[in-house]
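Contents: one structure, followed by commentary.
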Amino acid sequence: MAEKEIAPGARVQLAVVEEVLNLCRANSLWPMTFGLACCAIEMMAAGASRFDLDRFGAGVFRPSPRQSDLMIVAGTISKKMAPIIVTLWEQMPAPKWCIAMGNCAISGGPFEYDGQYAIVPGTDLILPVDVYVPGCPPRPEGLIQGFLALEDLITKGEKRNVLRRFKRKIVKGR
Amino acid sequence: MAAWQNLVNFLGPDLARIVVGVVGVLALVQVNALFLVWLERKVAAHIQLRIGPKEVGPFGILQSIVDGIKLVGKELITPRHADRKLFMLAPIAVFLPVLVSFVVIPFSERLLIRDMNVGVLLIFAFSTFNVLAVLVGGWASNNKYSLLGAVRAVAQNVAYEIPLLLAVLSVVMWSNSLQMSEIVASQSKVWHVFSMPVATLIFLICATAETNRAPFDIPEAESELVAGFHTEYSGMRFALFFLAEYSNMLIVSAVATTLFFGGWKSPPFLGFLPVPGLIWFFAKTYALIFVTIWVRWTFPRLRFDQLMNFCWKIMIPAALLHLVVYAGIIKIVR
Amino acid sequence: MGMIKDIVEGGWSLIAGMWVTIRRIYRPVVTVQYPRECLDMSPAYRGHIEFEQFPETGSHNCVACGTCMRFCPTNVIKVQGEKTHTHSEKRASLYFIDFSHCSLCGLCVVNCPTQTLKFSGEYELAHYSRWDGVIDLIQRLEESA
Amino acid sequence: MMTAQALHDFVYVGVFLLAAALFAVSPLIASWLIGGRSVGVKRAETYESGMPAIGSAWIQFSVAYYIYALIFLAFDVDVLFLFPVALAYDKGFFVRDFVEIVIFIGILSLAIVYAWRKGVFTWQKRR
Amino acid sequence: MSLEDLKEKLSKVVEPGDMVPRDYEKDGCLLEIKARADQVEAVAKAAREADCFLESITAVDFTNGPQIIYQFNSCTIVSRVLVRVQLSRGESVVSIGSIYDAALWYEREVFELFGIRFDNHPDLRRLLLPEDADFYPLLKDYGKVHAFRSTEEIYGE
Amino acid sequence: MNSVQSLIQPQVLAQIGFAGIVALTLTGALIAVFPRNILYNILGLIVCLTGVAGIFVYLGSPFIALMELLIYVGAICISIIFAIMLSRPLHLSLPKRRLPKVGLALGVGAAVFIMLSAIISRTEWQPAATRSSDWSVATLGAYLLTRYDLVFEVISLVLLVAILGAIIISGYARRSPS
Amino acid sequence: MANEFLEPITEQTFYLNMGPQHPSTHGVLRLFLKLDGEYIVEADPVIGYGHRGHEKMAESHLYEQFLPNSSRMDYLAGLIFNHGYVAAIEKMAGIEVPPRAEYIRVICAELNRISSHLLWFGTYVMDLGGFTPFLYSFDDRENILDILDRVSGSRLTYSYCRFGGVARDVDDEFITATHQFVERLRSRWDDYHNLVTKNVIFIHRAKDVGVINRELALRFGCTGPILRAAGVPYDVRKAEPYSVYSELDFEIPTGTKGDALDRYLVRVQEMEQSLHIIEQALERLPDGAIKAAVPHKVRPPRGDYYFAVESARGAVGFYIVSDGTSYPYRLKARVPSYGNLQVLTEVLPGTLVADTISILGSIDIVVPEVDR
Amino acid sequence: MNSLTTYLFLAALLFSLGIFGVFQRRSLIGMLIAIELMLNGASINFMAFNRFLAPDPIVGQIYTLFIMGIAAAEAAIALSIIVAVFRRLGSINIERAQELRG
């Protein structure tokens, strides 16, 4: 699991405080209301009644980047859109995370071909991505799985997420 | 020691009251905000056939605590082009009037921090600062969405203050007092909700508008103004706006309970139950809050001109008419 | 007078709306609590591709003909074969897909001459690295076997 | 004398204001201490849907509802004047108080009638 | 408005020989008009008078120069008319934005994808690409393409 | 210890509170007059008015104090802020002060203050011989209904005229009634 | 507006970017607004934030390979685009489609249309501030997705129609599930009407807002519910019947004024008509093959072709120039939202900011469809 | 300290500050703010006399209330005039207004 400095540059850094904060951060990921293409619809579906992201405390979609913790890049990033995504990312207050949802966000997906002039092939070229959720588009379950993976990343391991009362299914083999 | 004695003589039991009151109210404000956020999310979820917060603590009860702690750990961003001083001041200022309002709210017959004889007015007077803080915060952000939101908030709040005051006037006319305890006492026979249902309705509608709740949530209309006046506020500053909003909900509902729903008194046909007044009070208050939550998750929001015209064309004339009619009724009844 | 009628009718419509929502509070929720309970995947569900395991060979039937590679619109598939002594045909020795480019069109599955490709029912693929989308199908087949 | 009681009230209000200020400031300080800090050129830029903001928000802002504020200003004061009267309402008057209140409110309503007639409350679509 | 009416209006502005009936069942359009660049405005006016709306404007790049294709259709009867304008490279064409507002965006799109300029267009900015894009992606000499053909190779003659 | 104890005397506490209020008022007044950013001025005015409300409490009338907040802060100041937003952004294009003008203003202000304080300090204020001790708001209301009833009605008339004036000046009168 | 950055910024008016990241611009649309207080003086929709170069992509891909792209242009009505693209190629190459396949396509396309309209219904009411109807409609939409997932294996980007037929046959379970869904949705109308259609706030927000009359709609080439709300009964399914629509009985709902409320009502009635179509199609669903024999690589003869279908948002057309190889020489998709979006430049000025949201929501834009 | 003179001095100070503001301000709104200061000085005077000298403590309060009412009316009219002036002249700067007139 990739180690990432969760709160860069906090003025006072206490291990205990960080531990508690990370636990809380993991269980209260507010995504930004922000969709690019097809995956955004599945993101909405994940927030809707059937799948209900709110169960994990992640259902508070904030429209303003200032109040959100998580950017879900859901869809193809066009070259015209890329600087805007970077701006939005930088306007989010630390600590913040990014999920690349869908194949387009991971690598340009099916739209990356020889002669492609319009898209940025991969979110990781412009933002530090924490979790990748492949699929075209991924099912809402896949996105929830991505959320849970991100929570584990924040708490540095599933076992340390003491509030979690179920086991995340980890796909093996790769 | 003599000096201390003097102080105790001067303030008397007040000293203990103040300390206990401050601590109690602070606890109430926090617990209420945490509970209300949770309640709102839960009720909304069940209205929408969802579960809502569930995984964080049993029934997701820890969810709002977790959210709160997370917000403390977020960065506070001050936009470069903002007016830094006012931008930082506004979230604090929005919280100032919140606690003061609790001073005069009678939670039960005994549990009343200070029974001022201008109680009702005090709440309205200090709620003005709330509006000002919103305006200052929205203006200081130097963000167009914030500015639009702040201006709308103020225009809306000031407009709805008039029918609100008019509705309160009917109550004051009956009880001849601004003192909260006496207003409650004046409802010993009939709750005002029964004797003046129109005023109650006006009060509730206007109170919803005053607290910027749907369908009057135009200042923070998400689909238009992103997050309205607090678009630029992050982390704890945003949390303070949030806290103030939910505390205001409590205050408004508590005031409505006091003025129209008999305060701590038990419902007339349930008087035999040995339930303390405090419980009745909070039961009524949270029932009202539940209604506002229910309304919020049912209706679309009004447009701004409709909102203003609703106030000026329907609410204010209705309130004025009600006041005149009620004044006549008092003459006849007494 | 018309105004009063409007107010009454409007108020009534609001109450009707509130009646709709309050009834829902007592209805059972429609939420499927995903990590605790899962939806049944549809039989047609298209996850990433994987090898069909044929009972007669106990393994896949990929002859590394490269049809899938050629038909793939986005160059997802990389297949290499080698001739072994036991088989007269070529057999795939390496079969990698980069799922992160896949658009799930299914041309590879449709056009596979030996019908050895099928869609997996895999949908929980969240990972921490961009390259986790690269899947070794042969290894995957061996693991599941 | 009423001063003493008023002063006591004042003590309450003052202390609560102070407590509120402290309560509001302390988490901000905590947040300042333990909150993260991000970097980025556009971190503190004004948010405008991800685009660079065009011009300042501090411009002359044509408030269509300005006239509402002016009407409110006078109206609110009028309503507040009714409060002391309401306190004394029906205390040893025959109908004098009723009549006076009716006159007062009648004059008050004229303002609404006038504003309504003049179309203050109708927002026109502008082209 | 019938198709005959439209034909009559159109016959005033283009030579009858340039009006080629098409097989609707197969090609999806009823009439094809081969127009010159200077006839576009008149054709558009005629279509407008015949109560047609502009369905789309697009272009195809050939070795002998790009071709602009206008499509008009009526919402009362099917009367899809294809107006084909063969341009030489670098030639510009008159905007029909004053006749059909819908044309403004279509023309902008054609401009940015093919580099065909439209005269009298009020606002010929980039539409889909970033403002600073300096390439015309749908030209056949941009990127990897499968074939680059002349008009004859496709339409015969 | 002694000094601390003497500070806890209720009278002293009241004095400290009073000093605080006065300080608040004067700070607000200064902010209302001196900074060139007009929004700061209005916020200063609000602070000052809050202080004045506190002074009214010290003068024995919390009711008037709250009215001060409700009317001045809640109505007048908010309307002024609206007017500021409607007008040119003064807070940005800060008008330069002209020294002679400021000097003149300062002179006039100081002269008035000196004059007033001279009068205040010279005059021997005599309280009325018999003083009623009824401060209740209800009595105030009763007075408004009896002795000052005309003024009470006139106030509403004045405010009505103010509203009409505002509407007319804002150009609504020229519109045809809809 | 010549150039947003060149024009001097006066004090009276100010510029506001609404979007690309804005909760109500439906994805990545950017509305560049010139405001006077709350009033809009000029509006300039800026598109291209979702431009993915579909048309360039087509030129280097086989006809088959481009097929998945068709459902990614308009991901809300992906199956209808799919259908349109496949039918266009079939017409070009002269492929006969078995009747069963045609019926299955129509059923799925109509289900897709309903799902698209349901999503629009939800987001429109959400734009107006009502959050709950959004989730109710999403709940119903999930039912459709389940049905379509069962046959196509995907929830959003179906790639279900193939040249010569469909990818997978339907079973009895599909038919019963579809019947159940039709029943279920019919039983929902009451709730939807009580919650939204009859709601006084909603009516006030939608009535007389954003009037697009016949004249305006035709000038801008608007099609679909916008044109129909203006009183023009133009529907490709009736005007140029494709597939088996000529055998099915349905009506084209139209409005009168062309305001947001009319567009709302037209869409709601369209959903009912779609249910009607689905019922008929299910009843007539013939047995037989679901796919004609088609070569691995289709090679349509040389020439240019146009084929139009009616998507949830209006007329979709594929204009394809074939050079006789298995790669399209040029493929152009005529998308309905293009004109529907452009009309905003004319409709928005003079309205309030809140109306902008209402108009935008009632027009129902899918930005990647516009941008392609 | 808590005597009549203190209050009167405070009121005088507010009044003088108001006068100063009226004279040095160039914008109409600034002047309005200054005028409000002066009115408040007057109110304090009334209340102080009421508290320390008057025979009936109600009268002073009523006067103060009236001052507030008048202040509100004055503000409403003044603000609408300011806006009208602004609409006409494009400025609320009093000197600019004079320039344009003359």
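Going by the order they are written in, the chains are A, B, C, D, E, F, G and H; count residues from 1 in each one.
Here is the rule we go by: a contact is a pair of C-beta atoms (placed from the backbone, for glycine too) under 8 Å apart; a residue touches a chain by one contact, two chains touch by 3 or more.
Given the structure is predicted, the values throughout are model-derived calculations rather than measurements.
A.B. asks: Can you name the chains that touch subunit B as well as subunit H?
C.D. replies: Where subunit B and subunit H share a partner, that partner set is D, F.
A.B. asks: Which chain has its C-alpha centre farthest away from the C-alpha centre of subunit D?
C.D. replies: E
A.B. asks: Please indicate which chain is farthest from subunit A, where distance is taken between mean Cα coordinates of the chains.
C.D. replies: Computed centres place H farthest from subunit A.
A.B. asks: Between subunit C and subunit E, what distance separates the C-alpha centroids? Give it in angstrom.
C.D. replies: Measuring from centre to centre gives 41 Å for this pair.
A.B. asks: For subunit B and subunit E, let me know how many angstrom lie between their CA-based centres, rounded off.
C.D. replies: 63
A.B. asks: Report, in whole Å, the distance between the mean C-alpha point of subunit E and the mean C-alpha point of subunit F.
C.D. replies: Spacing between the chain centres: roughly 72 Å.
A.B. asks: Quick check on subunit E: which residues sit in contact with 2+ other chains?
C.D. replies: 128-130, 137, 142-145
A.B. asks: Could you list which residues of subunit H touch at least two other chains?
C.D. replies: Each of 65, 68-69, 72-73, 75-76, 79-80, 83 in subunit H touches at least two other chains.
A.B. asks: Give the residues of subunit A touching no fewer than two other chains, as numbers and ranges.
C.D. replies: 7, 10, 21, 33, 48-50, 52, 55, 63-66, 80, 84, 88, 91, 93-95, 110, 113-118, 136, 139, 166
A.B. asks: Could you list each pair of chains that touch one another?
C.D. replies: A-B, A-C, A-D, A-E, A-G, B-C, B-D, B-F, B-G, C-G, D-F, D-G, D-H, E-G, F-H
A.B. asks: Could you please specify the touching residues of subunit F with respect to subunit H in the complex?
C.D. replies: That would be residues 14-15, 18-19, 22, 25-26, 29-30, 32-33, 38, 41-42, 45, 48-49, 52, 55-56, 58-61, 63-64, 67-68, 71-72, 75-76, 79-80, 82-84, 86-88, 90, 95, 97, 101-102, 104-106, 108-110, 112-113, 116-117, 120-121, 125-135, 139-140, 143-144, 148, 151, 155, 158-159, 161-163, 165-166, 169-171 of subunit F.
A.B. asks: Please give the residue numbers of subunit G that touch subunit E in the complex, ascending.
C.D. replies: Answer in residue numbers: 1-3, 47-48, 51, 53, 55-56, 59-60, 88, 91, 218-221, 223, 227, 232, 234, 239-240, 302-308, 315, 317, 319, 321-325, 327, 329-330, 332, 334, 338-339, 342-343, 345-346, 371-372.
A.B. asks: Can you check the complex and tell me which residues of subunit D touch subunit A?
C.D. replies: 32-43, 45, 47, 50-52
A.B. asks: Please output the residues of subunit E touching subunit G within their complex, sorted ascending.
C.D. replies: Where subunit E meets subunit G, its residues are 26-29, 51, 53-56, 58, 60-61, 69, 71, 75-78, 80, 82, 100-102, 104-106, 113, 123, 125-130, 137-138, 140, 142-147, 149, 153-156.
A.B. asks: Can you name the residues of subunit G that touch subunit C in the complex?
C.D. replies: 61-62, 64-69, 72, 132, 139, 142, 146, 149-154, 157, 159, 162, 167-168, 191, 194-196, 198-201, 296
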